[in-house]
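Here is the structure we will look at, set down as structure tokens.
We call the chains A, B, C, D, E, F, G and H, going by the order they appear; numbering starts again at 1 in every chain.
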Amino acid sequence: MKIAPNSKLVMIGDSITDCGRALPVGEGLGPSLGNGYVSLVDALIRTAVPNANIRIINMGTSGNTVRDLQERWQTDVLDLQPDWLSIMIGINDVWRQFDSPLQKEWHVGVEEYGRILTQLVATTRPQLQGLVLMTPYFIESNKSDPMREMMDSYGRVVKEIASAHDAIFIDTQAAFDRILVHMHPMFLTWDRIHPSVTGHMILAQAFVQGVGV
Amino acid sequence: MKIAPNSKLVMIGDSITDCGRALPVGEGLGPSLGNGYVSLVDALIRTAVPNANIRIINMGTSGNTVRDLQERWQTDVLDLQPDWLSIMIGINDVWRQFDSPLQKEWHVGVEEYGRILTQLVATTRPQLQGLVLMTPYFIESNKSDPMREMMDSYGRVVKEIASAHDAIFIDTQAAFDRILVHMHPMFLTWDRIHPSVTGHMILAQAFVQGVGV
Amino acid sequence: MKIAPNSKLVMIGDSITDCGRALPVGEGLGPSLGNGYVSLVDALIRTAVPNANIRIINMGTSGNTVRDLQERWQTDVLDLQPDWLSIMIGINDVWRQFDSPLQKEWHVGVEEYGRILTQLVATTRPQLQGLVLMTPYFIESNKSDPMREMMDSYGRVVKEIASAHDAIFIDTQAAFDRILVHMHPMFLTWDRIHPSVTGHMILAQAFVQGVGV
Amino acid sequence: MKIAPNSKLVMIGDSITDCGRALPVGEGLGPSLGNGYVSLVDALIRTAVPNANIRIINMGTSGNTVRDLQERWQTDVLDLQPDWLSIMIGINDVWRQFDSPLQKEWHVGVEEYGRILTQLVATTRPQLQGLVLMTPYFIESNKSDPMREMMDSYGRVVKEIASAHDAIFIDTQAAFDRILVHMHPMFLTWDRIHPSVTGHMILAQAFVQGVGV
Amino acid sequence: MKIAPNSKLVMIGDSITDCGRALPVGEGLGPSLGNGYVSLVDALIRTAVPNANIRIINMGTSGNTVRDLQERWQTDVLDLQPDWLSIMIGINDVWRQFDSPLQKEWHVGVEEYGRILTQLVATTRPQLQGLVLMTPYFIESNKSDPMREMMDSYGRVVKEIASAHDAIFIDTQAAFDRILVHMHPMFLTWDRIHPSVTGHMILAQAFVQGVGV
Amino acid sequence: MKIAPNSKLVMIGDSITDCGRALPVGEGLGPSLGNGYVSLVDALIRTAVPNANIRIINMGTSGNTVRDLQERWQTDVLDLQPDWLSIMIGINDVWRQFDSPLQKEWHVGVEEYGRILTQLVATTRPQLQGLVLMTPYFIESNKSDPMREMMDSYGRVVKEIASAHDAIFIDTQAAFDRILVHMHPMFLTWDRIHPSVTGHMILAQAFVQGVGV
Amino acid sequence: MKIAPNSKLVMIGDSITDCGRALPVGEGLGPSLGNGYVSLVDALIRTAVPNANIRIINMGTSGNTVRDLQERWQTDVLDLQPDWLSIMIGINDVWRQFDSPLQKEWHVGVEEYGRILTQLVATTRPQLQGLVLMTPYFIESNKSDPMREMMDSYGRVVKEIASAHDAIFIDTQAAFDRILVHMHPMFLTWDRIHPSVTGHMILAQAFVQGVGV
Amino acid sequence: MKIAPNSKLVMIGDSITDCGRALPVGEGLGPSLGNGYVSLVDALIRTAVPNANIRIINMGTSGNTVRDLQERWQTDVLDLQPDWLSIMIGINDVWRQFDSPLQKEWHVGVEEYGRILTQLVATTRPQLQGLVLMTPYFIESNKSDPMREMMDSYGRVVKEIASAHDAIFIDTQAAFDRILVHMHPMFLTWDRIHPSVTGHMILAQAFVQGVGV
């Protein structure tokens, strides 16, 4: 595994990451990691490498865009002094442009998205042993759907940033696409965003493959 | 208006019709008509023709397919002795084939759908002054999406039955399509089925236009 | 329609406007516009002119008199920088004089009502593209009922202010009176103030006719 | 006092009587008499004649018409073997004709009202030491309001039945009218039916004066 | 009645006065006077003298001793600028000495009780048109019960203060004693302090007789 | 200890015994013995004789009189096949005569009390290895209080039955009296019936002394 | 994978299987599989073999012993006509002997356990394409703990039955033991029975390895 | 008894002490002492020495380690000016090292534990008439379990501090060990920490024996 034993891994993101994690810091006794992919990543690593002692902290917050990450970066990432960091952000940056088209001040365009994410990554990467960047996704098979098209463009931005800053790149959209060959999106999720346990397992397995578990 | 003064109109269907209506019979003091299109139809008729005294009863039940309508037809339609009847069914008949593909006994195929709906309509139409048949719909712009394609085929069955049994035909899918030209489905609904108030207003206006208010 | 495309319309008032809107600002995902006439206005405009992209914000607060509007005018109107504004206030100004006759400091007499409303309108009108003033109302057929008489006098004040400040005037009392010819007030509301969906539809239709939808 | 010591008094009626009384029988420890006029009657008698030991049982049920009383007469009156009985019924018989004009099967016209009430009184009176008949009422000053007019006609029926069957007659409408000279109905109640504690005290005092406390 | 028309009467005390009154000020729409003797006083005065327009405000607070009254005297009495004031305090001053004998700092001995109450009365009386002082009470027939004996001594202090400061004196203990001749304390209350509606009616009638209604 | 190892002890009674025990049978995982004296008896025996393996089942039911015990004797005592049985009943038999003097059919007089209790004991004793009879009590120091006097007479009946049927007699009233020398009843309980943990410890210690632990 | 495409797999057991599954049948929309190992098995199979279309039904019930399985075998297993069946039972059979030692009728000894389980397996195996038998477990490292020793003996019974009836044998105790080498039981669970997500992942991975995914 | 009459005893600790005590100070009317050993100590002392008038205050807080005690020592011990003090702390200091091994900043090692506890005791002892130190415990029979071994070492530290500072030493672990000879830990508790009423009785009896009741 690429993550060294006894490392601390902070995983930050939006509602897909959050999933009811503990506040203000997502770790501790009980179901403090939430019931999404973060909890599955923890269980998969723990069972695969039981003596690695990786400490995982869930810092996802529902509804967040990359702007919200920027605002809470000091307290929710830097102050925790992580060895490793994973970021999955962008779904709400895109979604609000389609479900709330009139509230333009809520939209985070692709240029601003790239700029803020680059800035966060560039200033933080030197302090990290490793960084994982996960793309946002849209569980929609039709690649010419306007929201799917826009989400793909945000994913390409993530790929470029990962490449430029020595990050492990996780293409969550590709992971979903592989399984959508076999089933309609409705089987995984009604709103094409918040998936079933199967969807979270797809995300968790993409992550653990990315870090070499 | 095609509905004569002092008529009793029963409106039956699934969750789109139900919307929290009163049980066991959807009328009475308070918000007994639910908070969906039935309530809007009631208000639109009441304000347009305040002396018509049309009595509207909401008999929608969440999750229903045409099979469920058949089972409760005696108590929930015939026993109420309506002058007019409206039916909007089929969404769950189709949806389960996509969100629950493995539970095949939950699926109502298009042949069975047409057969049961025809039987209900044929036996009930003679006792009615008027009948309104509303298509099921899927708030999806991509007409080659498999679920949209299947939903359209169920809508065509409704159109044929309406034509064969002297019913007013309401093409709810066409009503949604007209507005989807201007906005992404996410603006109206996250799951492409349960719409916002705007979506229910589209349904209510299609209905009142159909009955000539 | 008199409201230009892409305009922002703020609607302020009391419980008739509020109806459970989101806090602190009445817009966003879900039923944030409340379940009263504001939500119906939004749906009627959206379906009638789907490409107009009017953005509607509900800023009603239950129990408010014109004094309360004055106190929250900066944050709840000016800070939102509306293009259009609608105001419906006065019901509680009158009602407290009848249901709480002994608490005289809660009463807003007609002179004070007119003075405050004039001041709010006069200072705000120049920054607006359009203003809509809706009268308060009392769903009571008996025009010599003392509370009805007083409410009518407040409505006349609204009419004068509308005339003096280039506002669209909506006579909600007249809209209710037209329908009360055909039914007893008890059919629309038990307390003669908070109406059923039909009553809210009357308000919404009066509004959209006023703005030319 | 006309009621002999150690008598059992059953008080039956609708929501004005009910007021949250205990089920299935309205007596016992705690606030089992409800928080309306029955509880005040009990307290007024208890304090005025502390050694009379009158036992009061509240058998009111919200929403009841005289038809509902007839259905539960055996279990809720006769089986309790009262020495004295009071009846206050008719408000819902009238009200439904105004708030639910289209549901004609819910209406109890004045002829049917008189017929059923007469039948109940005639068959029960011989087993009673005393009977109290209280009129229904409408807290509305305008005597030409259609619902007030109809309520008054039901009250006249009660007066006739009382006269014909040796019952103490309590004119609750007159009791309210005396106080409405000094205040608008809104001071006592928003819906003109369910009063404040002051309104229940008016009813209770009318009752105790009627039975000579 | 000794209280002049249009007077404002503030009634302060402990849980017997409080009974769930509105916060922070015990008046307004709905059951804001609580469901104890204050509400009955209001109803008895309102029905007896419907044009007197006495405004009653309930400022009782559960658990209060005279020390607590002193602390909130400015905001809860003086700031309200009452014309008339009633005070019923002392039950908790005594009760804590019996149910919490070890927590001596919670006890308010008779000397301190008299001193604080005198100070409150002496400084406030000049600003009042009238003052009503009600004794504390213990619903216990056995006058040699130690808690009854102590409560009686606090009542005598109230009597002296009333006499010295031109206050109407209400002997609530005597009012209860008169009825306890006819029944065991358990009939009125399980804990000998918080009474049934009958007990509150005893208090309310003692009050209205005291002020001459 | 008089109770042989591995015995099953059923403890039946009213709310003092019940204290929230599990239904339908008061034993099992969690706090199934309730939080009153039964639970303390269990803990005291368990710690004093940890290898005795006495199985205790709480069958108390709030509000019960001896009549209620009789009705459920078959299912709640005999069907459980106890080796030992304890009974504490009579408080409600007496209490209703004082808090509900008018509901005479709720009263269980001392003659009926003795007759039913004797019958239950006489028919069951032969099947038991041991029987414990606990008196009812009233936490009142004044022995001439009418309710105390009556409770004492019921206790004497229990003593006689115990003597006649070879039962261990527990005088709970005497146990309370010993401690009331040092404190007012209010220290143990507000209603003189339902005690604090100290009161339940008094009952539990009286029990374990009676059975020789 | 040993399970053929389109098979139906029923998984039955106790609270470890149940985990809040849907009632009466554990499948359908939403989290109907519960949040334990069954849900993880479903997700692992779904992602590993997305076109296999295995249908999984969770029929676990909290607190069950093998006796309870026997009672509901017809409705909860046979009526569902599974192709494959998995059984994990025995934890409560053992646990009650330690946490409820006195309630001997709740204990299922190893002989009865083996007899009932053999009977269920023997009669059902012929109708199945495949059967999976999972041992009960105790997350305790100390193999000489009496409860651990007893649990191991029940596991050996499962192994023998699996061998005799052509079932896939899953040694869940061995799976936990492998990970307990690296951590204290408190890390996985406070009560040594109900594990964290990591513990459920251990169970799920043991299952999918057993069936060859 | 070693504790003089009229003394004030503060008992501080973690969740075993807390058990739902009143906040901010654990005394007063109702179940303010919580439902654990503190409440039993109070009842045992009160019944054994009813005229001793010992005042007991429960200051336990769930989840506390000795570090947390140190932080709240001024407000929660010193400000209360106790005559006697009891401390039972250390369970969480140890437990976190086993259930949260990766969160090393949550662990309180034995050296730090001894240092802080010594400092608290040394500075407070002079102001006290008496001090009781209770060991932490682990309800586990296997003395070579790592968590049991560590807990025993913390208990030895408590013993040394007690000896050095003239404190009464209560060996709670020994008290549990004596009873564990006769039963498996599962009989007393599922998590080996939070015991049943029997377990709290063991603690309470150890305490009262220690102080000579």
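Criterion: contacts are C-beta pairs under 8 Å (C-beta built on N, C-alpha and C of every residue); 3 or more make two chains touch, one makes a residue touch a chain.
What you see is a predicted model, and the numbers here were worked out from it, not measured in a lab.
Asks: Using the contact definition given at the top, which chains are in touch with both chain B and chain D?
Replies: Correct list: C.
Asks: Among C-E, B-C or G-H, which pair gives essentially the same interface as B-D, with more than half of the residue-number contact pairs in common?
Replies: C-E
Asks: Is the contact between chain C and chain E built from the same residue numbers on each copy (over half shared) or from different ones (under half shared)?
Replies: At the contact between chain C and chain E, which are copies of one sequence, the residues are largely different (under half shared).
Asks: Roughly how far is chain B from chain G, going centre to centre by Cα mean, in whole Å?
Replies: For chain B versus chain G, the centre distance works out to 45 Å.
Asks: Nearest whole angstrom, what separates the Cα centre of chain A from the Cα centre of chain G?
Replies: Measuring from centre to centre gives 33 Å for this pair.
Asks: State, to the nearest whole Å, the distance from the C-alpha centre of chain C to the C-alpha centre of chain D.
Replies: So the centroids are 40 Å from each other.
Asks: Which chain A residues reach two or more other chains?
Replies: 99-101, 183
Asks: What are the touching chain pairs in this one?
Replies: All touching pairs, sorted by chain label, are A-B, A-C, A-G, A-H, B-C, B-D, B-G, C-D, C-E, D-E, D-F, E-F, E-H, F-G, F-H, G-H.
Asks: Okay, in this complex, where on chain F does chain G touch?
Replies: 27-29, 53-55
Asks: Considering only the defined contacts, which chain C positions touch chain D in the complex?
Replies: Touch list, chain C to chain D: 95, 98-101, 141-142, 144-147, 183-184, 186-187, 190-191, 193.
Asks: Once bound in the complex, which stretches of chain B touch chain G?
Replies: Going by the criterion above, the answer is residues 99-103.
Asks: Of all residues in chain C, which touch chain B in the complex?
Replies: Against chain B, chain C makes touches at 31, 33, 35, 39-40, 42-44, 46-47, 50-51, 178-179, 181-183, 196-198, 200-202, 205.
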